[in-house]
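Chains: A, B, C and D, in written order; residue numbering restarts at 1 for each.
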C-alpha cells in the first residue's frame, strides 16, 4: 500500500496564497488539501499524521546555485553532494541545481558525466545540473541538443570573469545563446568583466596591496555592471531570454531596469550573502575577512537596500547561495595574496531561514514573496515546475514545516555543512525548519536525519524556453513560464 | 444542511499554480481540493456535481475600475449596478470596485451613501467601492478614519485631470496621502495634467478642430506621463505607496521604471482597451471613433507592446476596464465638439475573455499572469485577499469554469451590457466563460442567468497598507501584501 | 575727439580663445586687437594706456539673476540699483538682468515702469530686465508683443513656488509660453513645487520645527526636481525652449539629462552659492544659518560636484547670484519661524572672483568655461550678444583686468554690497579684479570708483528665440544663438 | 621682409564670436584684428590685400579622422597624403589627423615611421597623427612616453571591432589607458563589438545573405552602443577621459548621456556621412549602395536627428569624415560578399561646406557651433589649440574665406579626391570656400591651387590631458582644455 502522510493544522503558503488547511500526501506527491481532513477517511488513516499547528508549510527550498566538490583555484570546495544536500535539507532546501563544469578541451557530456559520478548515489536531497560551458566550439555545439533533450539540462552557464581560466568571449556567448535557444535552453552568466578584474588585480599586487580587503577593491560594481549590461545586450540582440547569477549591486540592477525599457525579459538571481552582509566584513582584523571572499564581493548598505527592493519590484527573481565552502586552511592559501584565496563560502543551510528571519519577519518581503524567491521562481525558470516549487495537488510533497516562533543561533558548532566556520556565526534567527519532507518522506525532523545517502534523485529538467525548433524535433516537455 | 458543489476534472489555475484537481465547495467557500474527490464521500455527495473536463477553473475576475450610473459630462453612464454586474458575471468578473464620488462641497460619507443607494439590493455580482475625493479640506479630512475603518473603503482616488471640475491640486493630494496613510489607506490617481489638456482643448477648438480625432491629440502621452511622474514624486516624497489607474503608454511606464530606481513601490493598472486598440480607431469615418472616446485616449502600437511587456515585468499589476458606457445618443452630445463627447466605453463583459484570448492564447502572458492581472493582484492591492482573488481552501468560491476551446464572436446583439454598441463588434474570441460561480452559487451557466438582482454583496475592504497609527487605533484587519 | 584706451600686454580670454594681445578701445567699443599695438600709431596715442602685464582680460561679468530693491516677504532687499550695480562692478560684473515683477492684478507694463523708476538714473553698471509674470490673463497676454518688441524684454519668469503668492498654475505657464514664443520670447522658471513646499512647511511648523535648519528640510531636492521636470514637459509639449533659474541639485540635473534624450533644448542656470556651500551651513549654531536662507536651499556635497560637472558637460550654462540681500535685522523677522525669514543673500560682488578662484584656479573649469558661464552664455541666451559677453572688435568694451596672483579675503568690512554680513566672511580668494572698464570707461581701478550713479545704461534686449510670427511683424532684431 | 596679408571686410567667426573686422596676417600667424585696418599703415601695405566683403572668415577646418593610403581589407585607400590633403584644402580643411597604424607584432614607433614616410614631403595641407594600437604589450608600453613627448602623438586609437584583425581586448584597453594617462595621452576608440559583428556576419553569410544591404544589418546600433558603453565603463573605472570616434546613433548617444550622470567626461565625434544619409542608401538598386559601405554603417532618420541635437547639447564635439576612399573597382571585391567590400568612402572635400549648407543654412546649428565642430573642438581636444582651430591674434593664419551666397553642385567631375565616385553626386550646396589660406599663404583661390606638394607641415601635438606624471617628467607642453 502506498505510503501516506497527513499534515494537519498548518498554514500553507505558496507564491500566491496563504491559508490554513490540512495536506494529505500519498506516495511522493500531494494528494488533497482541505479543511478538517483529519476528520475524514481515508485522510485520517494516513501512515503518519503530523500536527503543524502554529507552523507554516512552505514548499521545499530550491537553491539554483551551488558548487559541491568543485575543483577551483587549486583545491576543492569542501562539501560533497552528500554533506551539502544534507545540510540543505536541514536548512529547508530540498533541491539544488549544481554546476557541472565542462573542462576546457573536453566535451559537454564528459562534464555532465563527471558530475553525475559525484552526485548519483551520494546526494541526500534532490539535485539537478546547470552546465558551465568553458569552451564553445563546433564539437561542443553539436552536443547541445542531446544535453537538453536527453540529459535534462537546459541552462548553460558562462563566465565573463576569470580571464585565462573559465572566461569565454562574446562570440562564444552569442553562439551558445543561438544554439541553446533552438532547443529551449537558456544561457546564464557570471557577469564580471574578467579583463577589468585582471587589470585591477595586477595593479593592486604590483602596488603591494595583497590583503583581504583588496579582493573587494579589485572587483568594484562597475566590473559587474559592465558585464551584466553586455550580457543583456547580447541576449537582446539575439532575441533571447537570459539569467544573471549572483547579481549584487544597485549599479547592475539599474542596467537590468534599463534593459526592461526595450521590452526585454531578464531573470536575475542574487545570493543570501549579498543581502545579509556589506563590505565592512573586509575590514575585520587580520585574515578574518577571508571568510567572505567570493566573487562578486560584498557591496555597500545601499546595494543591500536595492536588492531587497529589487525583489519586491520583481526585478530579482531568485535568492541562491553560490554555496561553495572552503575550510580555513584552504582559505589560507591566499594569506599573502588575496587573489589566491579560494573564492566561496558556506550558506546552503542558512539561506531559507535567513530569508524568513531577515525578510518576512522584518517586514521587507511578504510570505508569498519569500516562497517565490526561495523556491517557486527557480522551479519555474529552470523547468522543474510544478513538480517542484509549490504545495499543490500533484506536486512533489517537498514541504518544510516551519515554526516561526523558534529562535535559534547559527554557529559552526551546530551546522551540518562541511566547513570549519560559519559565515553567520552568532547570528540570532527567528523561525526554524522543524520538519522537512522530501517527496513525501520525512527527511529531517526536529534535528534528526531520517533518510540516507542516495535518497536524493536527479531531476531531469524540461526546456526553459519555447524551443525554436520544428515540431518534430521537440521532446514533449513543455517549458515553464514565470508569471 | 449547507449547500455543496463538486467541480471535477478541471485544471485549477491561480496566480502561481496550475494543476488538475477536483474542487469541493461547502457553503460560500472552497472546502477541499484534491485528486479524485469524486470517488470519496462526502465530496461525491455534493448537492451539485459539475464536470469541468477540458476546462480551466479560474478565480472569478475582479475589475478594480468601473463606473456604474456615473453622472458625468451632463449625463449618466448607461449601466446600472444591476445590468453592469450581471454583464460582468457573464464575462467572468464576479467582483467590481466602483468609484463612489464625493460631490464638491459635500462630505465623503455622503458620496458613499449615494453609491450604496445605487448598488445595495441592486447588484447581481459582488462590489466594493473606492472613494473619489474631489474636495479635500479639514471637514473631509476628519472623515477619513471612519471611511477606512467603518465603511470598508481604503483607497481614495484623485483626479489630476478635468481642470475646473474633478481636479484637485498637489497640496490636496499630499494631504490626502498623509491622512489616509495613518489608517492604512492609499491614494490612487487618474494621471493626466488637466492644465495641459485644458490648454490643448482650447487651442484645438480655437483652430476649428472639433472632430473625434482631436480628442486623442488633445491628451498626448506627455500629459499622462507628466502627471504620473508628479503623482509618484508626491508619493515618494511622503513615503507612501500609490496606485496609478488606467496607465496607457510607454512614456508613463518609463516614468514608473524611473521611480523604481529610488526603491519606490508603485502599483499600476492598465485597461483592456489600451491593450486591444491603438489610435487608428480615431481615424474611422464619421463619428464612429466616438465609441472609443475615453480618457486617457488610445495610443500607438508601440504603447500596446510596452503594456504587455510591462505586465510580464510586473510593472503593471492589474488590467481593469474603466467600464463607463454611454449610448450613441449620449455620445452624439459631442458631435460638433469632441470635448463634449461623454468619456467612456463598455468593457466589463469582455475584459476577462479578451485577456485570455489575446494574452494567453497568443503567448503574450502565462496562465498564472492572466489570473494575477485579472483577479489576484486587485484583491491583494485592495484588501480583499484571500477572500477574493484565488481558488484556495477557505476562499470565496468565485470560480469561472472556462472552456478554452470555444470560439465565439462579440457583438452588441449578444452582450448584456446596457449599451447600444460593442467596442469589440465582430471580434473573434478563443475561450469562453462556460459557468460562473459566485460564492459557491452557480450564477451563470451556459448563457443562462441563475441568480437575481440583489445577490451581490458589498465587500468591506481591509486597509491596503500597514497603518501608521498606534496599536489601539487599529481595526484588527490586516493589510494585504502583494508579492 | 573720441575717447580711446589701449590695454597692453594682457591675455585676452573669451569663451573660446585665450591669447596675448593688446586691445585698443575707441569710444565705447573695442576697435582693434593685435600684437604690439603699443608700437603703432594711432594705438599708442590713446588717451589712456593701461599695462595689463600678467593679467587676464575677461569680458565683463553678466549676472542674469538679481533682485535690487525687491519687495519680498514684507520687506525690501537691501541693495538699490546704485549700490547693487556698483558692488557688481567691484566684483567684475558690468551688466545685470534684474527681475521686474508684475504685481498681481496689475499690467506687465506697470511692472516694467516700476522697475525703470528704481533703476533709471540710479544704476552705476548696465542693466536689463526679465519680467516676472504673476498673473497671466487676457489683458496681460495682450501686452506681450509690446514688451518684447518695444521695451526690450524677451524673457518672462514664472514662479512654480510660493503658493498663494507669486505662484502660477500650469495652464498659465503653457499659455505664456505660447504667446511669448510668437514674438521670440522665452519663459524662464523658478522650479520648486509650491504645493509640496506648502505642505511641508505646514507640517513642520505644526510639529514645532521652527528653526533655521527646517528651511532646507521643507524644500528637499524632489520639490525642485519635480517642478523642473514639469516645466520641461510643458516646454517640450509646446515645442518651446526654456530656461531654469537657480538649479541646485543632481536630482534636477538628471531630469534635464532625461529631457535632452527627446532632443529638447533647455538652458540652465545655477548660482554661485550652490557651488560654494552645502547644507552644513544650516547646522551652524543659533540663527547664524539664516544668512544662507534662500530658495531653493543649499544642498549636499554630491550636488555641488554634479553642478561643477554639469557645467563642463554644458548642461549648466550660466552661473548667477540671485543676489537679494537682507540685513540681519530683516532676517530676524523669522527668528521664531523659519518660513518668515526673508529669502535671499548678497553675492553679486563675489560671484566672478569666486568662479575664478574655486573654478579655474582649482582646475574644475577652464578659463574659457569661466568666461562662458560668467558672461558669454548669459549674453547669448538673453539677446545681448555680441554687444555684451565677449571681447571682440565691435563689442562694448566691458573688460575686467584681472590679476590672478593677488590673494585677498572677503569680509563685510571691505564689501560694497549694502548688507551687514558677507556670505563669504573670511574666505580666501585667489585672483582679483584690478581694473574694470564699462563701455570703454574705467569704472573701477585698484579699489577706487571712477564713475557715478546713473552711468549705467538700460540694455534693450533682442528676442531670444526665432519668433514664430510672420515676417511683417518682426522687429529686425535677430535672436542670438548659443552654440 | 616677412610676408603679410590683409583680409578686409569679412565677418570673422570663431567658436564663440561673430563680428566684422579686418585681419592682418604677418608671416604664418594672425597679427592684428581690427576695424578699418585698411586705412592704417602698416596694415594697408600688406603684400596681399584680399577683399572678403560678404564673406565669412572661418578658422581652417580640422578633420580629426582620415585614412590616407591605408592598407585595409586587401587593398589601399585611394587618396595619398598629397591628393587627400589637397582635396581637404579645396573643401576648407587645412589640417587633418590621420591614423598611423601599428602593425601587429611591430613597434609603435615603426608605425609612426611608416606614416611619416607616406606624408612627409607629400602632404599639401598640415597633418598630425593619432596612433592606432593593435597590440599592446610590455614592449609597446615602453614606447608610450616617447611617442607622446618626442613624437607629438598624444591620442591612441583602439579598435573594439574587426575581431581577428585590428581588435584588442578590454585588458589591453585598460592598460593602454593607464599608461597613456601617465603622460597626458588619451585613448580613442572605434566602438563596435567585434564579436557580435563576427557572429552576425557569419550567420548572414550562412543564410546566403551576401548583398550590400546586409552590411548594415550585420552591425546594428546595439553593436555600437554596447562597445561605446563598455569603452566608457573602462575609462570611468580608470578615471580617464576618452573619445569615441564616429558615433552614429541615438542608442550610443543615450549611453553617453548615461555616462555623464556619473560626472564622467567623454568626447564624441560623429562623421558627416551619418548626418547626411540614412540607411535607405543600402536599398539602392544593384551594387550602388556599396559607395556607402563603411563601419559603422548608415542608420535611421531618427538617428540623424539625434546627432544634430547631440551637437547642440554638446554631447557631440567634432564632425569628422573617416575619409577612406576606395574606387569602384576596389569596392567590387565584395560584389559576391558584402563582408569583403572595402569599408570607407570619400568625404574630406565635402564635410566643411556640407556642415554649413545643411547645418547653418538650414538652421540646425549656429555659426559658432559650425566652427566648433568643424575646427575648434578638434584642435582643443587633440592638443593643437590655439595654434590651430581659431582666428585669433597669434594663431596660425589658417583661414577659409567663405562665400555663403554661392550655390554649387557636388560631382565626381569636379572633385579633387582620388576616387571615381562622389558620395554626394548631384548634391546642391549653399556656400563655398572661395579662398583658403594655410599659415598665411593662399593655398586655394577661386578653384586654383597655389601651393605645392610638401607645403603641409607635420603638427607636433601637445598632451591632451593633464599628465599624471611628476613635474620633472613633464615636457612643458600644456594640455588644452575644451570648454
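Here, contacts are C-beta pairs under 8 Å (C-beta built on N, C-alpha and C of every residue); 3 or more make two chains touch, one makes a residue touch a chain.
Here the structure is a predicted model, which means the values were calculated and not measured.
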Number of steps on the shortest touching-chain route linking subunit A and subunit C: 2
Touching both subunit A and subunit D (chains): none
For subunit B paired with subunit C, centre-to-centre distance based on mean C-alpha positions, whole Å: 51
Rounded Å distance, subunit C centre to subunit D centre (Cα mean): 37
Distance from subunit D to subunit B - Cα centre to Cα centre, in angstrom: 58
Interface hub residues of subunit D, defined as touching at least two other chains: none
Subunit C - residues contacting subunit D, complex: 12, 14-21, 24, 26, 31-35, 37, 40, 42, 254, 257, 260-261, 263, 265, 305-306, 309, 312-315, 363, 365-370, 372, 376, 386, 390, 392-395, 466, 481-483
Contacting residues of subunit D [partner subunit A, same complex]: 163, 169-171, 173-175, 178, 193, 195-196, 198-199, 203, 220, 222-223, 225-226, 229-230, 233-234, 236-237, 258
